[in-house]
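Chain naming follows the written order as A, B, C, D and E, and within any one chain the residues start at number 1.
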Amino acid sequence: MSVRQAPSLPIPNRKSTMAQQPETRISATTPRLDVAHLAKTYGSGEKSHTVIEDLTFTVDAGEVVCIVGPSGVGKTTLLKCLAGLHPASSGRAAIDGRTISGPPPEMALVFQDYNRSLMPWLTVRKNLILPLRHLKLPAAELKERCDSALAAVGLSHAHNQYPWQLSGGMQQRVAIARALAYRPEILIMDEPFASVDAQTRFDLEDLCLKIRKDFNMTILVVTHDIDEAVYLADRVVVLGSRPARVLKVVDVDLPAPRDQITTRSLPEFARQRTEVLSLIKRPA
Amino acid sequence: MRNPAIRNWVIGAGTPVLLLIIWWFLSADSTDPFFPPLETILVRFQELWLFEHFQSDVLLSLGNLFLGFAMAAVAGVALGFATALVPPVRWMIDPLIHFLRGIPPVALVPIFISLIGFGTQMRVTSIALAALFPTMIATVDGIRSVSNDLLDVAKVYRFSRKERVVNVLLPAAMPQIFSGLQVSLQVAFIVMIASEMLGSSQGIGAMTLLAQQSFMTADMWAGILLLGVIGFLVNVLFSLLKRKVLSWYIGSRRMARAA
Amino acid sequence: GGSGPAAAPAADGTTTLKVGTIGIGSDAGIRLAADKGYFKEQGLNVEISVIANPPAGIAAAQSGQIDLTYTPSIPLLNALSQNVPLKIIAAADGYKDGASEGTDLLRVDDTGLLVQQGSTINRPKDLEGKSVSVPARKAQLEVTVSKLVKDDGGDPAKVNWMVLDPSSALQSLNSGRVDAASLVAPFTSKAAAEGNRLLASPGVEFFEQGAIGLWVAGANTVKSKEKALQGFRAAIYKANAYANAHVDEAQQLSAEITKTDLDVVKSGAVNYWPEDVRIEDIERANKNLAELGFLSEPVKLPADVIFGK
Amino acid sequence: MKASIRPYAFSALGIAGALVIWQVLAVAKAAGNALPSATEVFATLATILGTGTFWSALGATLAIALLALAMAALAGVVLGLLIGSFESVRYATLAVLEFLKPVPPIVILPLAVLVLGPTAEMALFLVVFGCLLPIVMQTVDGVQGTDPVARDTARSYGMGQGEILARVVLPSAMPYIGTAMRVAAPAALVVTVVAGLLGGGPGLGQSIYQAQAAGDYASLYALVIVLGVLGLLFQGATRLAERRVLHWHESYREVVR
Amino acid sequence: MSVRQAPSLPIPNRKSTMAQQPETRISATTPRLDVAHLAKTYGSGEKSHTVIEDLTFTVDAGEVVCIVGPSGVGKTTLLKCLAGLHPASSGRAAIDGRTISGPPPEMALVFQDYNRSLMPWLTVRKNLILPLRHLKLPAAELKERCDSALAAVGLSHAHNQYPWQLSGGMQQRVAIARALAYRPEILIMDEPFASVDAQTRFDLEDLCLKIRKDFNMTILVVTHDIDEAVYLADRVVVLGSRPARVLKVVDVDLPAPRDQITTRSLPEFARQRTEVLSLIKRPA
């Protein structure tokens, strides 16, 4: 049940996806993810409903960025635009300078409704394999990817169970494992730790930092938990309502190997979280 | 009896047995022409169905039932997918389908008799056509109600069209397809009986109606009994299949309920 | 069920009788009795309803849903053999005495066995192995055609019986889906008009003479409405006599009842409405049924099976 | 605007196409004279609609179907609540109900005709038989499916057994009852027709039988068309009623968020 | 949508329930809630499954006690035993010395599955009234109770809506309002703020402290959020698995009028949370 048994190197190699993409592609000046004047309106005509209006921020390669903001502000909507599921109404979202027009192959998304994003008719392992099918990987690599992803989230023992046989928190972790097994370069997660208990949450937060370090993955996380945002992020994007706009991008200056107990008791940590907190508490 | 599980089991198995015993003794000396003794009914049941008419009538009826149902199942799912996935097809045949579905399936039997005649062909066609609609409509509903989240997952992980149909839409719609199939099976059974009663001299339905019309009430009761047992068994078989195919669905429902 | 509230005469002294018919040409008899006011003369109010088939009518009469029903003698004998308590009240249709000796049986028998003009079937024995349509299994036409086959030296068990309603039967005969069709008026004459050949007239050859179609009541009704049934019998026989005397008028009614062209009706058999039911006519059918194996043994008819005899 | 008209255009095309194919097949005598042409059928339909017998048959069909449906609904819900609430009753009836559930009323039609005759009572009996069990079973499922959290909530606030049954269990079984009624209403119509067609009971089924027996194919088709329309109305009406009663249920919620 | 519009005195009087119970009943020595050697086993025979074994702690009148512990340890089970929904297998739970054998009238429970504990066929107001029906209150008091409870959770405007028309967080607040309208003396809440956004969460936490102060209500809260537990509680009961047992009861010594920003930045706060955290992080 616990994540602590995770092996030291959960995702030892990602050659198959990396090999296809030259390392030179990321220039120093182009941010990995670039959201510029993004707007999103649902519906049209009378019933239209503008959720996002003129949102701008960037995420650099290898960065962890957290997005916080009140419920219903449009965080999920933003992520869906980034994942190419919804077209932006105006402005643009781009990866390495390329405007996103459909699901980008180098990106994986962990959905907010984890329990509705897993296929209930497939076992955990098959859920992990499903998105990998069309990569035509050799069976050994398929197995290796599943095993290491499941080990990373501490679910090695559950690989033959069905998602609905697991607790909410475990399902959440399966959804994360599926994204890990896909070995994306950019990982986007929508409130990924909302329904796990405190201890598992800490472990998953640390896993998140670990994969960033090991693979230089770019990670974007939406969360309601300000402590979590400050603990995880290099930068926190604070959104205000409505329509959604960036209240402030807070740079988090906490020393690099973060630790649940020591980092969280630093006075600097308290200062940073108070800053984000007062942004949120302030009437929008 | 202290253990509730055993007590429930005893009550569950005991009540039907008790009812049968009551029927047996209450009807034992019956002279009422319409309610013959259960013993007579069972004797006739054995004489009529177990040997004499087993092949000529029982197997014939069942064969028609399964053939018609199988055709309806395959065509229903295929048409359902075509309808749900190709909007122009849906717009074109939706009103027709809904109108045809409104017609009581049995009322179509006289029309088929006039068009195709009265043979096995008519019976199978009636069964297949009447049983088509529930499956087809359930398939369409099933596909349309596949959650957007699953479709989004398919998009994010860039599934091909075929992968989307085979690995997402079909399994996700399966529970509804199966409830459609179950209704289809019921309809097929009804139309099987009706088509025999209306236009044939063979089959269990025909035999039962004939027994009624010549006042052989014990034979009629035997026929009713056989039809009841067949209806029950066919349903049980189907449920077993369903339980196998949809174990994930049944399990997840049970889990959701227990939670 | 039971003999319901209609047992007592209404305030104006009339008694209501519910009668079921199957809507065939010979219903002209009862229609005349109603139209000419013969029922009213007897203090009766007769409500006629159409039932699907004679067995259903018998069931309804037995359970008291209706008071009287039309049935040919064969379903009646079937019911009597299963101890369904029924009484014959009056004759509804049948054959004149000596009808079977006539030459043009098509003119006396409203049932007919027809084959296509060019068919190789030339006598009842040829029906062995062929498909023959009947309106219902084990009912009048199957029984009567069986007797034809048997009398001709054939085996009725080898005939491939098909249950078809008359219009489908005629259509199937025309298209060759059945080899022979046993039909009742007006389909007999329709079939002949469409170029088919009459092979035999099974009805008259089986029954020979006397009442075939009967008005039958359940034993309970007989007990509770004896007076009314006497009146019914009197009115029916008066009407039957009138019908026999005014065939044109009766045929006009038949055409209306069966929704057929008058010409078709006129070209077919002339109905006969007997004015009596004789036990020997019933017994003859009874014996024939047993001989053909439709009954395991002849029904022991109760002495009072014919009402008022 | 254009996009919203297209579906209707296709629907119209579909209906027109079907009618044309029918007419051509009929005129070409593809099925002998057993297939009347569309024009002939609609002309006959117009005549039939002008006759009193049609309307009385229609009235009988509707009266039987609706009365039986109401009886089955009332009895079914009461029985279902009873069976669902008491474990021993549930076990006692389980085997019998499970056996009878897949047995359609047409199976006992010969018996019903034999005992009750070709009457409205017979039809009524068959329809009640056909509709009762699904309603009972669904109600039992509904009682069983009552969310234990909702029950516990009621209990924790000190509500009594009767109050919980009336205010928590019954409302949460309503969607199940609604589903049963949605199935039962068209089924009631079907069984009424079957009772007329095969059992000689009053109503449109009997009219169809008579049209068939008389070889009056145009009337046969016209009556079947009437039944189709009637079936649609039944489905529509139950759906509407369900939507009104169950407006709060997931499947009928008007999405607000 | 926000709670900030709550009137200053959400629950102005509670005479009707208080009147029935003499004030003298609580002696200084009897704790309000007393859990002693409580054990709970689900099922019987072969399939039995002991969730709680020998749990002991007390809650004094007017105290706020938080319970933290890993997922699945048996927190919900414990609350259900306290609420009289499940009988204890051995040991006892008592209110004012009376052993709990059925739902105690002076207690209200806010369920973890808030969305399943609201009746979807009733409007918000009718949901609030449902448990009050058998108290046979005058209509005016009924109305007054609903209005003040809804105002307290900031949902006055939503009284005619159905629960499913509200967001998860709003539903949660309806469930809390229902408990408030019942005017219990003891309020038990199972992860009550799990699905509300940070800002609303802060407001609800403060509401919780406010009702405790205004009505001397005794409050027991299960939470996954350690910061929340420390912020809210007079004492934090840390549970370890399995079967559930008390790892430690941590006394929280933070100054009385707590405030989201100042209290949370106190060094004492950091110390307390680190203490709980290390209890949780320590392998059980």
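The rule is short, and it goes like this: a contact is a pair of C-beta atoms (placed from the backbone, for glycine too) under 8 Å apart; a residue touches a chain by one contact, two chains touch by 3 or more.
Model, not experiment: these values are computed from the prediction.
Identification of common neighbours of chain D and chain E yields an empty set. Each step here moves to a touching chain, and the least such steps from chain A to chain C number 2. Averaged C-alpha coordinates put the centre of chain B at 39 Å from the centre of chain C. Rounded to whole angstrom, the centroid-to-centroid distance between chain B and chain D, based on C-alpha atoms, equals 17 Å. Averaging Cα coordinates per chain places chain A and chain D 50 Å apart.
In chain A, 72 are the positions where the chain touches two or more neighbouring chains simultaneously.
Looking at chain D, one finds that residues 34, 113-115, 209, 212, 257 touch two or more other chains.
Counting only residues that touch two or more partner chains, chain C has 53, 56, 165, 167-168, 171. The set of touching chain pairs reads A-B, A-E, B-C, B-D, C-D, D-E, using the touch definition from the header.
The touching residues of chain E, counted against chain A in their complex, run 1, 4, 68-72, 167-169, 194-202, 224-227, 260-261, 264-265, 267, 270-271, 273-274, 277-278, 280-281, 283. By the touch rule above, chain D contacts chain B in their complex via residues 6-11, 13-15, 17-18, 31, 34-35, 87-88, 91-96, 98-104, 106-111, 113-115, 145, 186, 189-190, 193-194, 197-198, 205, 208-209, 211-212, 217, 220-221, 223-224, 227-232, 234-235.
If you check the complex, the residues on chain D that touch chain C are 32-34, 113-119, 121, 199-200, 206, 209-210, 212-216. Those residues of chain B lying in contact with chain A across their complex are 147, 149-150, 152-153, 155-160, 163, 167-168, 171-172, 174, 248-249, 251-252, 255-256. Those residues of chain B that touch chain D in the shared complex are 4, 7-9, 11-16, 19, 34, 87-88, 91-96, 98-108, 110-111, 113-115, 186, 189-190, 193-194, 197-198, 208-209, 211-212, 215, 217, 220-221, 223-224, 227-228, 231-232, 234-235, 257.
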